[in-house]
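Quick heads-up: structures coming right below.
Paired with subunit B in one complex and with subunit C in the other, subunit A is shared by the two complexes that follow.
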Partner chain A sequence: MSFLGIEGHDRADLEVILDLADEFTEVLNRPIPRVPALQGKTVAHVFYESSTRTRLSFERAAKALSADVMNFAPGGSSVSKGESLKDTVLTLKAMGPDLMVVRHGSAGAPTRVAAWTGLPVVNAGDGAHQHPTQAMLDSLTIRRRFGKLDNLRIGIVGDIRHSRVARSNVAAFTTLGADVVLVAPRTLLPVDSREWPVTLSESLDEVIGDLDVVYLLRIQAERGGASVFPSLPEYVSRFGLTNRRFAAMNPEAVVMHPGPMNRGIEIADSVADDERALVLDQVANGVAARMAVLFWLLGGERSG
Partner chain B sequence: MADYVLAGGTVLTANGPIEADVHIANQVIEAIGPGDPPVANGAGERIDCTGLTIGPGLVDLHTHLREPGQEWKEDIESGSRAAVAGGFTAILAMPNTNPPIDSGHLARYVSDRSAQVGLCDVIPTGCITESMAGEGLAHLDELTAAGVRVFTDDGVTVADAGLLRRAMEYLVERDGLIAQHAEDPGLAGGGHMHEGAVSSWLGMAGLAAEAETTIVARDLTLVRMTGCRYHVAHASTAGTVALIEAAKQEGLPVTAEVAPHHLFFSDEAVRSMDPVYKMYPPLRTQGDVETLREGLETGVIDAVATDHAPHAAHEKDVPFEEAPRGVIGLETALGVVRTATGLDAGAIFDRMSVRPAEIAGLDRHGNWPAPGVAANLAVFDMDAQWTPDGFQSKSTNSPFIGLQLRGPPQYPFFEGKLVWRDGKVEQ
Partner chain C sequence: MDASDIRRALHRIAHEITEQTEGADGVVLVGIHTRGVPLANRLRDAIGSFEEAWVPVGTLDIGLYRDDLADRPVTNLAKTSLPVDINDRTVVLVDDVLYTGRTVRAALDALADFGRPAAVRLAVLVDRGHRQLPIRPDYVGKNLPTAAGERVSVHLEDTDAQEGVWIHQRGEDE
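And now, the complex of A and B:
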């Protein structure tokens, strides 16, 4: 079994992973934060896109479970000599890993890797398709804050159209019972939202007071100008989480962001440092959530 | 003395199907009808066609044979074998080779290779623009002198309307046909699949249906302006069908083709993210599929053309967004049309032989069997079930492998000779 996306996993699956993550959070808080759950197993990290936080988070998770780790990045490797993805992953497979964690710029690449290798594969982000462990760590962060996701109002704000985080979070949050509203200019909303179990808004001001979670996405500067919105200042004026909008939020509501943040663009500097901004909790929960996914795939009865 | 007698089959004639024997001699149909004298012992071959359908050899307006330049994907010899294995006796080779077919000697190279191989007619098409670069006109007179009648930059759109206008003006007196790959580059936006609910959910850049219809609509105004014959290659959207229908009602000299895969699959197939479903134009919605089928049935769409686009396995077995575009289609074309549409045998041979031969100006192909007509024929078992598994093409990028189709090809006759039997070239 693989973890290629949230789709295809029901609420029970996601809750098993979240419950495991709660247990592993306790492990991570021990003086010696390591358990032998995956001793003797080897996890291969295959990262075709540059990534620091996600790769380190996976590495920390694997090591806390006592798994061995192989790291592969294409720079300076056989890939620069023209080796195909298929040959690369089959070569890595020949070295005997039990699972591959794959990040790739093309949607569906981890699915191909799973088919080629027959190994369990964890999708660590593929194009604009899915980033399911991000969705698990975000769901974990929200559940730890509010106890559950049922009936929470979660607003995802920003470049939803090009975001794998948005796609996996929409699937996870709604599967776990939350209501999701997507907030962005039309050019950054899904081009066709018929299959998205969400509502849409083009005004952050209209929805901000109703939200329990304001989930901000990174705005890529290159999308400004001629591309999909007129300019960054215009984006900030309508969709940035400014101090004024932060003040308009429900007092219990929290702010989340998958990082890395653009301070002063999608999030005001002082909002980013507020105690209701859970950005660092998300990072911390990422290790536990990834431990849970790895253990779910490789540990105990579910392995094989 | 006949070379062959096709005995006991259903013959699709201009006046409809009849049960009759077809006598072939000296590259033509000598006689059709029951009661003709049987073949003398040893002088010719009697082929039992009981239960089989005999029609004009299929004609494909749209194939990519990759020669010259990309012979690891396909060449004129392997493409010819794939053609006759699929019941085709004439195929048009697209000019997007390396180098592109933009001058007379390159077109003659294709014709000469076709004659050397000798299994079917491989007919060169020519570029509209020099080097297919979309900037200046190709050597249109040289190409015309080399026998080219169909001009296209297939693979890309002639985006510059002024340049396309000049090509149309130039070709109208030479009875040339412009075949447009209609895909506005800006609206296409680097998309990998149809832009819609499925692409949105998968997070793949979409290629809007309007990328096709805006170019077709623009081009139709140029046809009105110049009077040049115009053909829409691989129409994929309901909007294009509506534009063609209106243009025909207006009396414009416009034709259109549809590819078999666009009659069979919708963008739902792409949910698998398997690159075998990646082609341009992309698989559209089920509504588009149904409108294309209707358009083919009513004749708004004139022809089926395969857009046979071979790619080596290692090129196609990559992540979807990185995969090259296109699928092979010569060997499954009639079976797919037979399976996906309600067309009867006569209508299928009309859309896959008679009309495409008319559009391409091929006198010796696409003629309903009759005495004296060139013996370019195809025999199919129109109602048998059949599952494609192996191919004559060098490439195997087919989405139809393992699917159950109707209408397996049986015997192709090229210029009076049976060229293919039991999975191999007939010696």
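And now, the complex of A and C:
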């Protein structure tokens, strides 16, 4: 059993993971924030895309469960000598890990790794496809703030087309009962978004007063996100969470962002530092959510 | 044991705890999930009924410390919460049935992650024998000699519909 995407998991699965994560947030606040639950297990981190924060979060999660960690990054390895992904992961498998955490620039790579190795695999982000642990930590952050996701109005704003975070979060939020509205210029919506269980809007001003959560995405210049609208100032004027728009939000509503933030573009500097911006809660909850996923896959019978 | 046997046993244990700790001074009761938690609450109430003391009660889920984790399905974890700093206090672990001792071993490991108590004591409603580890209870509601093939079930009103202690043959319905 692997955790490759939110799709394929029902509400009960997601809630088991969130309930576990709730208990792991308590573990992380103990004087000794470590439990022996995965003692003797080894987790291999296979990161073909550089991502310091996600890898550190997974590493912290594995170590808080007393698992051992192997880190693999292609720079300086045999990948630069032309080794294929399949040969690389089979080589790593021969070293005996119990689970692989895979990040790769190509959609579907973690699924292939799971098939080749027969190991449980956690998708830590594959291209513009899925980033399911991000969706779990975001769901956890919202649930801890509001108690539940049912009937919350969540607006995901920005470069949705290039965002695996958006794809996974839409699946998780709607499975957990929230209403999701995607707010973006048409050029930054995925071609198939009309088939998603969401509503679409091209005006942040029209929806901002109705939202409980304003979830901002970064303009992903490295995936071509900056080339599809006329200019950054125009993007900010229509989709940026400026001070004026922040003031128009429901006073209970919160702001989230998966990081790294571009201050002054999708989020105003002072908004990013407001206590209703949960960005650092998201990071902290990321460790607990990843502990929950690792424990869910490796703790107990499912591993057999 | 029926409901009144359980009540009398808990009152006796409450008296024993206060006697040995000079009025439950510095005592923390820690219930092990599931049924140790209501038992710990009842011990606190019993102590409060005759002593000027309201003993803090914590809860412990030892699921992450089990030595047989690989053989068990993932179940939801219950709340672990220690309301006070356990350093230099006397912790009384409370559980319903003492059997192999492995649950208590796991609970001792978990407690060590929270601090260094002055002493750790063990209170159980039923001691059914068959220890696999060098662990013994300090306070026992009832010693219940059993065969390994038998099962002891404790039901409490807080967690179950009825109240009492029963012995079953394995495979028999409760």
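By definition in this document, the second predicted complex is superposed on the first by the 297 of 304 C-alpha atoms of A that agree within 3 Å, B and C clash if a C-alpha of one lies under 4 Å from a C-alpha of the other, contacts with A are read in each partner's own complex, and residues count from 1 in each chain.
Everything below uses one rule, namely that a contact is a pair of C-beta atoms (placed from the backbone, for glycine too) under 8 Å apart; a residue touches a chain by one contact, two chains touch by 3 or more.
Being a predicted model, the structure only gives us computed values, none of them experimental.
When subunit B and subunit C are set side by side, the one touching more residues of subunit A is B. In the superposed pair of complexes, A:Phe239 makes contact with neither subunit B nor subunit C. When both complexes are overlaid on chain A, the residue A:Arg34 reaches subunit C alone and has no touch with subunit B.
When the two structures are aligned on the shared chain, A:Phe47 is found in touch with neither subunit B nor subunit C.
After overlaying the two complexes on the shared chain, residue contacts for A:Ala128 are found with subunit B alone; subunit C is out of touch. Applying the stated contact rule after C-alpha superposition, one finds that A:Glu23 touches subunit C and leaves subunit B untouched. Looking at the complex, you find that subunit A touches subunit C at residues 16, 19-20, 23, 26-27, 30-32, 34-37, 65, 295-296, 299-304.
Within the complex formed with subunit A, the residues of subunit B that make contact are 195-206, 273, 314, 317-322. Against subunit B, in their complex, subunit A makes its touches with residues 84-86, 104-109, 111-112, 126-130, 161-164, 167, 190-196. Residue ranges of subunit C in contact with subunit A, taken from their complex: 61, 63-65, 69-81, 109-110, 112-115.
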